[in-house]
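Each structure below appears as structure tokens.
Here chain A shows up in two complexes: once beside chain B, once beside chain C.
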Partner chain A sequence: MAASGLSAEVDVGQVVLPGDVLLLPAAPNADGERLRLGPSSAPRGRLLCGPGLRRCAAGLLVTKCGLLRHRPPAGAGTGGGAYWVDSQQKRYVPVKGDPIIGIVTAKAGDIFKVDVGGSEQASLSYLAFEGATKRNRPNVQVGDLVYGQFIVANKDMEPEMVCIDSSGRANGMGIIGHEGLLFKVSLGLIRKLLAPNCEIIQELGQLYPFEIVLGMNGRIWVKAKTVQQTLIVANILEACEHMTSEQRKQALAKLSES
Partner chain B sequence: MKETPLSNCEKRFLLRAIEERKRLDGRQSYDYRNVRVSFGTDYGCCVVELGKTRVLGQVSCELVAPKPNRATEGILFFNLELSPMASPAFELGRQSELLVKLNRLLERCLRNSKCIDTESLCVVAGEKVWQIRVDLHLLNHDGNIIDAASIAAIVALCHFRRPDISVQGEEITVYTPEERDPVPLSIHHMPICVSFAFFKQGTYLLVDPSEREERVMDGLLVIAMNKHHEICTIQSSGGIMLLKDQVLRCSKITGVKVAEITELIQKALENDRKVRKEGGKCGFAESIPNQKITAFKMERAPVDANDVEEQAEEIIMKADPPLDVFAKPILWTPGTAQIGEGVENSWGELEESERGEEEDDDNDPDTLEDPKMEMEDVSIVSKTKKDDTIVLSDSEEEEVVILKPEKVPKKTRTPTSSKQENSSKKVSNKKRKKKRVSY
Partner chain C sequence: MGSEPEPGCALRPFAVEQGLLSRPDGSAAFVQGDTSVLAGVYGPAEVRSSRESPERAALDVLLRPKVGLPGVLERSREQMVRRACEAALLGELHPRSSVTLVLQVVSDAGSLLSCCLNAACLALLDAGLPLRSLFCGVTCALAPDGAVALDPSARQEKEARAVLTFAFESTEKRLLLSTTRGACSAKEVEYVRDVHGTSV
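Presenting the complex of A and B:
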């Protein structure tokens, strides 16, 4: 293997391994799909380097194993679009800005300790809820579920989360209700479900009406009218990981008949 | 890592579901999860999967001196280990309450029920007995460790074969598996534990609780029974009050479940015996299925089919004519034959004996080990006959061999030639390796 980088072309949609160096095209092609070997030069326009990739001297350094993906630039012509690596993993690492479902484990004075599935528990201040003041504290008990996002998340510090957005409104975040079922899936499935116009959610919605909250840490909360329906939705979502879309459609058709 | 705490929401939902007689994975209240038994290549090694709970069992034996107050009985030793691999709640090295409880239960179930005949493990009374050691490792914790562990222990014991021995006076001869077939242990019956989880002060009962159900249960009742409906052990934990008829009902359910599981175990043991007898492949690599996320994904590799004909014609024109095929083998000695003459070697001048070796190496690479070994012996013998002094080491070290870089016949840059260079490199590597072996 050459010291500088890959000696073969790497297409978007192929498997890449950590340590691979991807050299950017000197002149972007018509479709911008191929990353070729060649003297690297600064790419024109802004190139977004997504999860699993890092900038290095020669180009992009792959840090996770998975499939390489590319999104062409939204505007016309300029800009290199975005590259990222689609990888499969179950263990969550807190990332700033991720919306997550946490379980409150302790109340310590002004803050709540929340378990988010990472190596450390996140801290959540009681003032970080909509309409909360020093006198008007939110009604959070140990063992409750909260849906919030990270404002501080790096590997050297304890992560911090809040249940309001930057303008002070809840925007769907906060304490999740007392009914419903929480279960865990892999992170890749969550990203698939969060993609716009996800088929799975739409098809399930036609089956039964239900409420669903997806946390980027692999946790899903579901609530339907009856216990049986909730269980069905939960089991289908867990099984979606390993089913192709035809199998899923068959399973849903069988359910809607019975 | 700490274990994920159970949220109030989950607890409430689970209890509500149990009240409506619904379980998370769709089972009925008295249903077991799927039990799968797979065996390793060694005797006495097995993996039992109860749903997602997995236990690995390994049995080993050793000849030791018996306990002084039990001079004619063998020794049984059981050990269950919970490692952090099974669940983040388990810490290595720490004797947790759960571990002690499980180990005690296993011992009572298997040792006190006298399922293994310890008298048959005695070799010389008072001096040598077999010590049978059963090691169980929990690989994944998804509830109901004790059931999976007891099944793994009894399956491993039934599968195990100890070396055959013969006693002549004071002499004990232990035969290796090659000399005499190893002997199975003498097992009277197969006790299997069945767990019952109780909820809401004993109102609701579930068989084979999964991990989440275990977290919300009030109490646990474990009954160990064999297929003859003999109860080997009963243990109730959690401090719940059970009524007489509840316990009787549980024991009836246990009888049914144990019969099913025993049948499954017998079938698995029978299958494994058949496979081993026929000499087929056995072991975990065969029996444990591959779990791949991309199991359904198929990559279509695009093949560039442009100009295939022109490329092919070019290659054929530049290629050498095919070598004459020698179909008749030449017999050197009984057991050693040569087919064909092999390619020209590119290493320069070498000694006669080594050249003789090489020619045989260039034959089809699938020759058996024995003819190769014989060939090397022949070459060494021929060497010593020729020389006056006996050469003990390889000639490479004693004489200087100048390698003349012979011209490789082709130096064209079409892709096929690179393949040929690679193959010649491979062949020369093979030659190098063979020289080292012939020390």
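Presenting the complex of A and C:
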């Protein structure tokens, strides 16, 4: 019959499939780029097991298909860094701390029910806005867009979101204006756009000035000066996923001529 | 690997395309010879309170035949695909939610159940749902003289004494599903499963 099912040496940056078991490096000082087969003592420090990986008896079990990534530990010698799988998904699963765009669907007493694109609606308290008190309620109607972050998001509880940060300030969060366009893209594109110094946003900014809000649940809100410019920006962002950077530069060059 | 495959035990050429449908969260089309199945996965999504489970995601499989309404045969195949998928899916990570898998038969030229299993696995993979392992399906036909044919065509299935379908998971090649139609002895089932099933 086949072997025990443990994977051989897997380099970071390779494609991994669900069911692969990754063993952790034996020596804590060893290069964290390789995950070797063989007996291993527990590595010193904490190893962060990111999305797509789960702890199992032998090491890390891969649960999603994608590229294996590794981030070396920040401090000198402490911790074992972080491993995760870069995978592509359309459906969002709430994660604590993620900034998201939600659509208010119902007002129930003291809380709003917000659709965030997951399996459950999130709850948003009316006091979770900057400067909101029991007498000074925020002006939120059903159908409004809100930009907030999750404070409670796990598989067993209903997700809860707020539109203020830990010090009580809005910090850019809150109700999004009534104009503009909301559309949905895949989660991988959002992560690409949120990377520092993203070329796509900078190039689009040179074309037309626009406001943009990116939610980790795959939703983007865009507003430019005219409706036509808004639609052009939205179409380019949606198409960016399937275009190489040369094709994108060509499309933008054609648009800036016309 | 195992022994050399015997003549007549070669699989028909197969092809896969993932992410071809825009509405579902994950989709895959699997083609085995002339048999082709399209699968779409929606999930983890909202669930009706009657189907809600506090421990795991509720998995629903819908199999749509090429013509006509789904009948009893489709219902039994749905349950078989559902059991194989539940063994591979990590439903504990998404309690109180539902995962819906829709399989559409595009063309049926033999080995339909294994084509459905393969399309289901790849659609779950495309949707980014957490899986314990991958799985695959394979069909074998036992001719009246005892010869074994893997991945039989419709004609081979009709002439066969028995048609057996197995699903294997990818990490330790363990058996997830085994179903037989026709008359064959228990020893023949074991032989087909051990020799031909795991060499796939």
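FYI, the second predicted complex is superposed on the first by the 239 of 258 C-alpha atoms of A that agree within 3 Å, B and C clash if a C-alpha of one lies under 4 Å from a C-alpha of the other, contacts with A are read in each partner's own complex, and residues count from 1 in each chain.
Heads up, the rule we're going with is that contacts are C-beta pairs under 8 Å (C-beta built on N, C-alpha and C of every residue); 3 or more make two chains touch, one makes a residue touch a chain.
Quick caveat: nothing in here was measured; it's all calculated off a predicted structure.
Colleague: Please work out whether A:119 is in contact with chain B alone, chain C alone, both, or neither, and reply first, second, both or neither.
Modeller: After superposing on A, A:119 lies in contact with both chain B and chain C.
Colleague: After the superposition on A, what does A:18 contact: first (chain B), second (chain C), both or neither?
Modeller: second
Colleague: Of the two partner chains, chain B (first) and chain C (second), which one does A:225 touch, if any: first, second, both, or neither?
Modeller: Neither partner.
Colleague: What is the contact status of A:156 with respect to chain B (first) and chain C (second): first, second, both, or neither?
Modeller: second
Colleague: Would you check which partner chain A:88 touches, where first means chain B only, second means chain C only, and both and neither mean what they say?
Modeller: Both partners.
Colleague: According to the stated criteria, A:176 is in contact with first (chain B), second (chain C), both, or neither; which is it?
Modeller: first
Colleague: Considering only touches as defined above, state whether A:65 meets chain B (first), chain C (second), both or neither.
Modeller: Touch partner of A:65: chain C, not chain B.
Colleague: Mind sorting out which residues of chain A both chain B and chain C touch, each in its own complex?
Modeller: 88, 119
Colleague: Over in the complex, which chain A residues touch chain C? Could you list them?
Modeller: Listed in rising order, the residues are 1-2, 4-5, 17-21, 52, 54, 61, 63-65, 87-91, 93, 118-120, 155-156.
Colleague: Could you list, by residue number, the parts of chain A that touch chain B in their complex?
Modeller: These residues of chain A touch chain B: 88, 103, 105, 115, 117, 119, 141, 143-145, 176-182, 221, 227-228, 230-231, 234-235, 241-242, 244.
Colleague: Name, in rising order, each residue of chain C that touches chain A in their complex.
Modeller: Within the complex, chain C touches chain A at residues 25-26, 42-47, 88, 90, 93-98, 125, 127-134, 169-173, 198.
Colleague: Show which residues of chain B lie in contact with chain A when the two form their complex.
Modeller: 1-2, 4-13, 16-17, 20, 22, 24-26, 293, 295-296
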